């Protein structure tokens, strides 16, 4: 798959990190880590959630100061006190969580900190826009410099992030999980861009949890486990399974094992649903859908085709313009979120920090976010904390939430563990319909395996599961049936066993030819 | 017509100190630091402006620069408390509301304390001589009793306020500095990763906010009246803060909100004046500005959104 | 505080006062009261002290603190303390109290209420205004709609009318004692309407008015104290309330053992309790001042009865 | 084991970091005050002795401190409660006024036996102030008006409204600028305490009621489903909505409760101390001081009690420093400094770290 011509210059090390140690309090996030990246190389970092990848890169970029260790950039020892130093030495970083100022335009975000000016400190905006156009053409990263960030897609935002680095003349790019929020199409484009960049002599450090991407993009891969470097391997000569087991320290299965079973009664029924998005445009346009008990229905589709609005409409977070929604034959159209929940719908939300958790509540408090009014957690008035605590402890054990401390605030958990808390809560409610939106985004393979297992378990308990994901692999391996959404409508319905990426990709692109190259 | 001119003149006069205060709040909050200490900063500015001008006028006679220096001293005094607020809320990542409230106790306390030390135990300063007050630049062009005269017979501080609104808008939306201030207020970490010094930008903005608020206080004690009194500010700092929110954290918006407030006060005074001869309780008339403000808010203004990082202390290396 | 009597005699009389929220140096009646006590210290050798109030809740505790300090007489300054002082007098029957600006229907024996005939001084400044106006329009700015302010208001109107029935009085209440910007606006409006002299009874709010007079070179009339110093060329006179005299007199009577407990003492022109400012001769022509003197006599003799409320004014 | 952990809990409750840092802040604030007093030419020790004596030397003084603290507990609680639910209640001042006014009206115009009169006056005032606070919540949830603007406007409206009502004939006591006194039956004084503590000391049941209300609020906020909902909305509206909580209703409820608390402060002030309402020329500051009290108390109901006592003690005892001439604004400077140090508690950590580093260096040498 990785078919490009490699042009690594092994005589020119761009980055050398030697014996880096970083502690947060007593916790050792980086434990004597070494890393070497050459000119023209794409070097992947692989590790479980919380292994210390982002920490290491933040050190390289000057956001954290290491407790000990040395950093050499282009053969010179550098003390990276702050990002200004690393930027000056040609290091650019695209962060795991986007560092974009939402109300600003693309151009404003790119030039921030290095603004071209006229007299009076005035920003030379037309020059800025021209500059942005130029570099975006040079590296094949198309963007509209005058669009506001809040109005463009995540894929576009990703490009802006890369352009920010390139605008500063970076020749070493750190990409921290750049693909976590991208659609398959966008990922493909990004990998092409990365190869294009290395051809122009840039080096890239790529962090990702997706082994397929590492195989497709990277030359070398350094594996980190619990803050320690395990090994650095040549990607070409290592299989995905080897990478995964080095990272987790055990065998990981990628196949989602599930038994055949017969779907039963219709649980969710949607008729001619029309929903508007925030800008009052119709995002869902007359959609029909059925999900049955004992079935995992996957919804495949490119981001922005109405998935978000569809889920919000079902769960009561968004008003419906027309159409009807039924759960077990009961009409829940335009009911409140609580009424929808009461009728047996649970939801693993797309944005776990915005909707899924009250970050300043403890894990225990978060575990009863929907159930706090019910027995045994309260008598309707008084919260029964002993019950809430024992329930939480039980779930944390069962779903392996780490660290095992119910009194911690949700904020202090890693992303993967935050997701586990939500899944534990939603699955334990034992809903007739479980909706899972992007449930594995940003999770490591071990955690992904766990999430998939949980979804299949629900199905096996004869519950209905609606899975929405931008990852075709996930949709194909977990679902029984797949519905393809395009421009607010279901444009195709296939059995997961009888389809392939090509067919789905074609439908996801509205039947056109765009997604059909694979 | 004359009545309208009167209302307009009152509007300009009354809204001026509010505009300074509101602009101060605009800068601070756009950089992500809530400043509820505007009230205190205005108080200390009012004192420092009036007291220093009086002392200089005593010492140097009535030279042209005396009021200007006094005005600046008023601003600097406010700026000093801006610095204090910045130390607390930027360096020590204090809860910004707490620090602002502290300033609302400290600044007026210090103003009274200094006043007693300087002026024989008096909590009010002696009046500034007329020719040591700020000038009234357009005064000589219009006959005082003519309609333009009524409207434009204003102190320089009034015109400066409006110039500052434009300058603030220009700085915030057209300059490098402004881009950085707003970036720091929206997403400090993003700015930090691009090498923008978040702390320095916030220090700058908060100190500037104090200076503007201080000028606002001085515009009251050196133009509208000619002395400092303990009750001089009495809540105007809070009104200015409300105006800043009303104006959606923008200089021009805040200005419009201040003008609305000034205009309704003008209408209130006009309705209570002998020529209207309305037989309505003064207490009911006094409610007018506040009620109209609420009604306008209900009718015209949608949800106001603060800068995303407003009120959140920035800590390097935080998640 | 500033310098207690050095080596007080064993039997030194101790007098103390609780100020209103304005504080002791408010350039107004609190300060005037303190000056009265200071004069009593200098001339009568009494020991004096004060406590400032920051808010209404301080009145009671300040009074109690002064009672604890074994003062012979405790003053409350300002009618806002009326109820509190009355309660204190009932609670401490052996302690002497006095209050400025309050008259009780039924005064306890250990309490003296001191009130002023503000209307008399206001009448005089009204007369001056009525005589000196060139536009036949004068103005009055009231602070809040209080009875005390009404005395200034209608005394002034009566004085103007007495001087010249053709003179129109523009009247407006600012509904605040602490908003000079509003005082300023009202004054600007009145001067625009053609008034050339304005009298205020509005505390700090009136300050805005004096400022406009200064700027527009118009005349202003001050209140409570001689406010000429605030604008020497423009404040032509002031309706003075000699709180200092009252404080001094009561101190003297206390020292001589004839504390007028159980009564309301009224200070008018006759008692030297109200007057026009001594600096009036700077601006007011001598002939008018001479007429004012004769008016004083008529008021003292009761020949002229000055109204102190709207009802009384309209009845005349 | 059980007992031990309970002991531990109690210990960590009593000697927690917040408390220690707050105490340090108080000490620092007093030091700043001492500096100012010295600069004014007075003896700070003498001044502070007067203050402490003024608070503690007689039971009567302690009683006054309690009386002073009572309304502050409730306005502080009002602000703290709103903070906990994500709202800034800068409107406690106006809610206090509405509570006081309603108490004066009901206390004067109704004639009932005390057993009915007291609860009716109290409940009526609380209801009125809750409505007043609820308006802010309504404006916020219905029109998106920021609670800070709405509260500031309503503060002034409340002030002028009260002045207007007091001026109505039949309510205003002639010859005064205040209302008639409320009837004895509406008062919450404790007459026999006056025999003990001196006739002027207005000891009343307010403190007991305030402490009970505080406990109720603590329970409501942290132990009940309603508190769970309100806090969730305060932390994360989106997640709360997702969890089935009606966000708009929560905002209104929260502001109404905050209003009720400030209103209770106003009512108890009228029923226990002033017995009437007077025309106000300016804000009295109960609500604004409540903000300071809430913040010093770390928005914790029990912290609020302690900080209200601190605040009450400083203002009451501090006023006695005037006896040697120390001006009253020194107290404001002290309070301001304390709040400032509470805000910048990290200063102490910083100093501590520096100190430890030096010690370490010494050890190395």
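Some observations on this one:
In this document, chain identifiers A, B, C and D correspond to the written order of the chains, with residue numbering beginning at 1 in each.
Here, contacts are C-beta pairs under 8 Å (C-beta built on N, C-alpha and C of every residue); 3 or more make two chains touch, one makes a residue touch a chain.
Not measured: the values here are computed from a predicted model.
Comparing chain pairs A-B and B-C by the number of C-beta pairs in contact, the larger count belongs to B-C.
As a whole-number value, the distance joining the C-alpha centres of chain A and chain B reads 46 Å. Averaging Cα coordinates per chain places chain B and chain C 34 Å apart.
Annotation: 47 Å between the Cα-based centres of chain A and chain D. If each chain is reduced to the centroid of its CA atoms, chain A and chain C end up 76 Å from each other.
Under the contact definition stated at the top, the residues of chain B that touch 2 or more other chains are 116, 231, 234, 281, 283, 286.
Among the residues of chain C, those touching two or more other chains are numbered 2, 23, 144-145, 175-178.
Within chain A, not a single residue touches two or more of the remaining chains. You'll find the chains touch as A-B, A-D, B-C, B-D, C-D.
Looking at the complex, you find that chain C touches chain D at residues 1-2, 21, 23, 49-52, 54-58, 60-65, 67, 69, 79-80, 82-83, 87-88, 90-92, 103, 105, 143-147, 175-178.
Against chain B, in their complex, chain A makes its touches with residues 58, 61, 63-64, 82-84, 87, 93, 95, 99-104, 108-109, 111-115, 117, 120-123, 164, 168, 411. On chain D, the positions that touch chain B within their shared complex are 36, 39-40, 88, 90, 139, 143-146, 148-150, 152-154, 156-157, 160-161, 163-164, 167, 282-283, 288, 291-292, 295, 327, 329-330, 332-333, 335-337, 339-340, 342-347, 350.
Of all the residues in chain A, the ones that touch chain D in their complex are 315, 317, 336-338, 341, 347, 349, 354-361, 365, 369-370, 372-373, 378, 380-383, 385.
Chain D makes touch with chain A in their complex at residues 223-226, 228-229, 231-232, 235-236, 238-246.
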